[in-house]
Every structure is written in C-alpha cells, then in structure tokens.
Amino acid sequence: MTELTHIGPDGRARMVDISGKTDSERQALATGRIRMAPETLARALSRDTKKGDPLAIAELAGIMGAKRTADLIPLCHPLPLTGLKVEITEAAEGSALQVSATARTTSKTGVEMEALTAVTVACLTLYDMLKAIDKSMVIEGIELVEKSGGASGDYRKAKP
Amino acid sequence: MTELTHIGPDGRARMVDISGKTDSERQALATGRIRMAPETLARALSRDTKKGDPLAIAELAGIMGAKRTADLIPLCHPLPLTGLKVEITEAAEGSALQVSATARTTSKTGVEMEALTAVTVACLTLYDMLKAIDKSMVIEGIELVEKSGGASGDYRKAKP
Amino acid sequence: MTELTHIGPDGRARMVDISGKTDSERQALATGRIRMAPETLARALSRDTKKGDPLAIAELAGIMGAKRTADLIPLCHPLPLTGLKVEITEAAEGSALQVSATARTTSKTGVEMEALTAVTVACLTLYDMLKAIDKSMVIEGIELVEKSGGASGDYRKAKP
Amino acid sequence: MTELTHIGPDGRARMVDISGKTDSERQALATGRIRMAPETLARALSRDTKKGDPLAIAELAGIMGAKRTADLIPLCHPLPLTGLKVEITEAAEGSALQVSATARTTSKTGVEMEALTAVTVACLTLYDMLKAIDKSMVIEGIELVEKSGGASGDYRKAKP
Amino acid sequence: MTELTHIGPDGRARMVDISGKTDSERQALATGRIRMAPETLARALSRDTKKGDPLAIAELAGIMGAKRTADLIPLCHPLPLTGLKVEITEAAEGSALQVSATARTTSKTGVEMEALTAVTVACLTLYDMLKAIDKSMVIEGIELVEKSGGASGDYRKAKP
Amino acid sequence: MTELTHIGPDGRARMVDISGKTDSERQALATGRIRMAPETLARALSRDTKKGDPLAIAELAGIMGAKRTADLIPLCHPLPLTGLKVEITEAAEGSALQVSATARTTSKTGVEMEALTAVTVACLTLYDMLKAIDKSMVIEGIELVEKSGGASGDYRKAKP
C-alpha cells in the first residue's frame, strides 16, 4: 500500500526528507468555483468600477496567497515559485465564478499545494468582496486538474 | 441595492472604515468537506498512528490559518480572535471528511472570514496529508452556516 | 528636550509602554510620489487592461502592506486598523504618480507608521510593476501630512 | 484536577474561548541564559563595534519575536502588546549572558508566552551572532518569573 | 582570532555574503528539554486524548517554527528546508520532556538555526499547552548536538 | 515598445514565468534619504546610547525588511538572498541621513526590489525612531543605483 509520506514509521508528523531528490521543472493546475445567486454574479461581472473590481483583487490575492503556502500548510516544503497565474471567469455552467491557477517551480518537490492554495485564497477573497450582498455563496469543486514534472510522473485528473 | 462595501464610491478598493462601530461579541460557524475515495477515507480515519494523524494536524492547521486571515484576504480587518475550534469528522453522507470551524471575537467587525479560512486551510492540509495516496480528492461545500453579533444582525443559512 | 521615546533611560531599544493610555480614535494621512519618464507615466495611466492595472495593484499592495507595519518596524506596537484607503493619481506637477494613504484605528497609539508604510509599499509596487520599461524612477516626498487623535494632539504639516 | 484548557472535553486542540473575559492590564516577566566559553563571553561583552553589537541586535530580535508569538505558538490568542522590553546583561554567576523580558498588554488573556518568546528569540539570536566562534553554547533556565493581572491572579516563582 | 562573521569590518550588522559558496547537503541536530513537576509530566505523557495531545502539537509547532527561522533571527539567510523532524520523548533523567530536531537542506549555508528554532518553538508550545497546570516549568539544555556539510566541516559536540 | 512583464496579454496580473531562466549571481544597490531638521539630525547622530541607536536599529530593520519583499510586493518572486548590507550615514549635502543597501542572490531573477525594500524599511524605521522629536521628516530620493547579473544586463543610473 502506498505510504502516507508525511507520517513517519513511528507515527510522528514530519516534513518529508527530499534532500536526495534533484531539482526539476514542475507545474500544477488547480481549479475551483464559487457559486452565487445570479444577481450577485451579475454584480461581480459588471466590473463597473474603473480601478478595482472583485475579480482582479481576488486574482491578486490568489497569487499572494500561493506565496504563503508553506506558512499555512504545516508539512509543506518552502519552495521558490517561478511563475503563478490566477484566472477568474464566469463558469461555463451554473451561476458561478470559475477560478483556475497555474503554479510553476524548479524544485525538489511539486507545486500542487501552491496551485490549490491560490485557488482557495482567491475564492475566499471573492466571498469577502461579495458577502455584503450575498452570504449564501458556496465554494466548491476545488481540485488538482493536472501536474507535471518530478519523479512520481505526470498526473491528469480523469474526466468524470 | 446593497452596496459592495469594499469598493468605495470612486471604484477604489479600500478597507472599509469601521471606526464608528462598537465592539461586540461575534461568532461565526463555517463548514466544508473534502471528498475522497473510500480507501483514502478509511486510511484517514484509521488514525493508526499514536502521536499524529491527518485529522489532528489539519484541525491545528485550521486554527493557525484562521490567525492569518487578515494577511491573506486583502481587505479584511485584523481582529483579535477570542476563540477558535475546528472539528473534522466523517461526513454523514458520501465518502468524505466534514470540517467545521467556529470562530469568536469581541470586535467591531465579524469573524465570518476567519471561520471560512479555518475550514479551507484544514481542507488544504488534509489534501496535503493524503495526496500521496489519492490526488483526486475534491474540496467542496465551503459555506457560512451561521453568524451572530454585530449591527447587520444574525444570519443562518437556509436549509436547501 | 523632547525624549526619544523608543530609547529607554539606559540606552536600550524598547517598545514604549502605552499600557496607561486610553483607546481613542486616531487617523493619519501620508503622501508620497514616484517620479518617472513621461512615457512611463503615460503607460501607467493608460490602464489599457480590463482587469488589472499598475495603479489598482499598488493601491491594494499599500493596504495589505499597512497591515504588516508592526512586523516591519521593530518598535511599532501592533494595532487593529479600522480603516485604510490608498489613492494613486497623476501628480499635479511634474511627471509622477501621487500616492496618498489614510489610516484609522481606535487604539492607544497612533497610525502614522501605518499610513507611511501604505504609501511606501504602494510606491515600491509601482516601481516593481513598471521597472521593465523604466528603471530610473525615483520615490520621493514621503511624509506625514496630518494626524489626529491621541494625547499628543493633532498635527498638520506646515505648507512650505 | 486542573484541566488542560487547550484540550477540549472531546480531546481536540482548540483556541480556548475567552470571549467572556474582560480586558485587564497584564504583565509578565521571563528570564533565560545562554552559557558560553569565557572567551566567547568576553567577545560578546566587548561591544567593540560602533554601531551594532550582538547584545543590541538580540534585544531587538527579542522584541520583534514577541510580536510573532501568536504566529508561532499554535493555540495562543493574538493580543495587542502595549509594552515590551528585553535586557541582556552578563549573568551574575558562571560564564553566560542573562536575558530578561517584560511584556505588557491590556487584554483578555496573559502575556506569559510573549515574554517567554522574547527571551528565547533573543537567546537564539545570540547563538546565531556568536556561533562562528563558539558552537557549544547552551541556552538554559528559560522560565516565567512572575506575572500579574487577570482572573487567575498573580504568580511569582518560588526561589529555589 | 575567528571573526564574528555577522559584524562587518566597520561594525555594522550585515547578512554575510555567501554568494561565492556552493550548494551542498547540510544537516543539523539540536536538542533541548523542558523540566516540570512529575504530575505535570504524567499528564503530558498520558496522551489520554484521541485526537490531539501536547506532544504531537508541539512537534508540529516545532516543524512550522523552523520554517520561520529567517523571519525571527535577524541575520539568518532564508533557505529551502528539505527535511525537518521533531521528536518529543520522556527525558532519560529527571522529570522532563526531551525535544530533538533534525533539519536538512541543500543550500549555501547551514541549518543549525533551523534545528535550534524547531526545538525552542516546540518547548515554548509545551509550556503553553501545560501552563494551566504548572507555571514553574523550565526550558533548558538547548544546544547543537551535531552538524554536517558545508565548508566549515562537521561538528559534533563533545560529551561532558 | 517594451512590455509590462507583470501584465499578461489578457490584462491579468501574473507572477511572470521565469522557469526557463538559469540561476546566476545578481546584485543590486539602492539608496535613499530621510531629510530632517538639523537638531533632529544631531540627535540621531549623537548615538549617545550605549547599546542601541536609531541608525543601528534602522540598518537591522532594513535587512529584515528585505527578507519580506516577496510578502509585500504582490508580483515579486520569492528568492534566497545570499547577502544584504544596509549602511546609514550622514548625507553629504543637506540635513539628512543617507541610506544605502546592497542585496545579492544567486537566482533566476534580480534583487532590485529587495535592495529598494531594505532602503525604504530603514527609512521608515528612522522616521519611527525619531518622530517623537520631529514629525516633519521627509523620505526622498529612493532609487536603484545599479544592478548586475541576469539576462537583461547590467544597469547603472546616469548621473544627473
């Protein structure tokens, strides 16, 4: 059975030793959604403001949040991000905003958590920006879509 | 129409001025889930380790993450948390772990974002702890269940 | 002679004891500028992008930076900001962007440093956003314009 | 038997709910030592530098470290420090530097952890400043000397 | 005489220039203790809780604290930790908990401070978790046991 | 026309992808000034304190601030500083303190922002240390003097 690499043989939490791994280019793509009432969505999409808007602020918050990943996730290794992009668009289905984040690094370990953290911080920021008009929004569908690079090989989520 | 309080009349992002509000006791409850394969869930629930386990570590990460809310969410006010509890249990339905977080403060503004941040950081940590055996987990259903205190009154999410 | 309150009678650095002070509403306004070539300024002001632009990102960075003031300035007291606004506009004179920040709190000590930190982080962010086209920009004129509240009374900078 | 307040009745870690407590003035004094070879101590005490010296830098690091207490100690409440002083002197006995820190706040909970964190960060900084000439230094005797304020009453450590 | 590498020839504090060094694998082991009354120790060791216990929480806090080393210690270089383990056990002698931390990196500089920071943050967390039943605990014996890698060669503390 | 590299073709903010770049040694020098009344300057320069003084504290704050650059500047890449020095002296002209900072790294991107951040945090700290005696100080002349290393080549600011 595959082992839980964060838990050592003695049951203690540990930051897994990756000293023996070599640096390689790695990339990860994660997505998520925040579902909201149609009028909330219309408001978010209106971008009726010249200099700031919920989507742009949430994209930026996602980028900045990704840089805090190792501070937030206890057993994550700190790693030097070499690229990060967050994109928020109207979801193809339903009344929702779709968030996607691509993270890149050249490192001994992957950037899945950085991509997932970018998505969740962006979703939380959208919630914060819009909660004055709608408290019933739901964040959902946060998942890793694909990753590449590293010894464990590439991963691409199977379509449902 | 209710205004987006984070965006001022001139379209600029701003941290809303709450100087005129009075301190009051406030509480918020948020929940979320991370869905996973049954064997992953069994593994997470086995807690076959004496001193550490994914659930306990994720609960702690959620508590610590809530203390970073104002660092992560651009327009959130910093506030002194007076209580924080995160609880992870097997979800009542489906193959998932259920996360709930209760945040409390005595402050001029609410703790909804702190409760939601606790839930998402706990979910991200569960993902990180278990991703070696299952990368297809999905974080979902992150929402505010209820809040109390403050001028805007109490809120309780309608049951679907 | 007025004492340097951060240096105790024995010469040691210290975070000044403000335990005996009472909470009061306080506000501070600081301003600064970043001077640049006319074509750089034109580019910054073009805002030819739908969702992000240097000014909006710098305004947000200024707000977030102000929340880190006590982390950055060694002897600053941590305090709960109750409002923060950063505004970037074309300077009235010369080829420059003008940054102004207003900070508010209800606290035992003032928010001058928070307002000044917001201005400088916004200026640094503008530099970072525009340095690919102009490395010769200069940040200047960072000063406290006025402050109110607190035992030491109000202050308004004399016009030159 | 006195309960471990950080562990709830169900065994989960939690940030204890202090919402019902009232703000009061609180103070704590902690001390510690770093023992080193006599020649290392002589070097540290020489302060043969005009603008910086290991003791001054460590005192400042202790002050700044205390402001990070709630970031470091998982179940600590964030609180607004109202005063912090760190003092490093030659120890009365043995070849060592003595560190003491006094922390103050007006809050619902005590500042013991802030005082202890200030002492340990100062000791770690001394180690870092001096380790090029002596790696065998030992940090010891870190303890709470006294605290005052709060419902649990004053505490003063018994002399051995 | 060996120089204090953090203090430049002009007496100013500085982050030592390590640009010319090559990356190499480095490891450090540090230990420490927290001494407490026998009944406190019994309580800590009872681990009578299913999901959380002082030792597990302190181990995790030590790991997370190590990631903040460069934030806390003024002249420490930021470095990418490649492994971190903290172990808390009953001390072989006396009534105490023994903490040990092993840190690893591939970097231009060593991880002694990261290992020492992990130990001290774990000790502080134990203090925090247990102080409701015993305020007289003492943190002691924090020292570097051994380090390997880097130009300055290996180090192993002499047994007393 | 040179592109604004932080803004992608679709107008979104992004952390530029530098994955394809190679690590190289890079250095940057930035300077700035804080202008003040002659008596304030005399006081700052008196260094009449044995263990702490405004200049030494500000130099240290500049070093520590540089380590937070990627936390403060939204689209900055995190990078491992390999050297940092901050120097504060009496300005050659006028009544002012002159701050200069040299930053070094071996990385895929430059350290201009780290050097500029060090200078501004040092200036803000000087303001904070001296504001009890003079609130009218002005921070000015913050600029990049030169940088070397990296694909874009060396830069040296033209003398006016």
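Going in written order, the chains are labelled A, B, C, D, E and F, and every chain counts its residues from 1.
Criterion: contacts are C-beta pairs under 8 Å (C-beta built on N, C-alpha and C of every residue); 3 or more make two chains touch, one makes a residue touch a chain.
Being a predicted model, the structure only gives us computed values, none of them experimental.
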Interchain centroid distance [CA atoms averaged], chain C/chain D, Å: 31
Separation of chain C from chain F, taking each centre as the mean of its C-alpha atoms, in whole Å: 16
Chain E: positions in contact with at least two other chains: 12-13, 50-53, 56-57, 59-60, 64, 68, 71, 74-75, 80
Chain contact graph, described as a line, ring, star, complete graph or other shape: other
Touching chain combinations (by label order): A-B, A-C, A-E, A-F, B-C, B-D, B-E, C-D, C-F, D-E, D-F, E-F
Chain E contact footprint on chain B (complex, rising order): 47, 50-53, 55-57, 59-60, 64
Residues on chain C engaged by chain D in the complex (per definition of touch): 8, 12-19, 21, 70-71, 74-75, 77-80, 107-108
Contacting residues of chain A [partner chain F, same complex]: 25, 27, 56, 59-60, 63-64, 67-68, 80-87, 104-106
Residues on chain E engaged by chain D in the complex (per definition of touch): 1-7, 10-13, 32, 43, 48-54, 57, 60-61, 64-65, 68, 71-76, 112-113, 116-117, 120-121, 123-125, 127-133, 135-144, 147, 155, 157-158
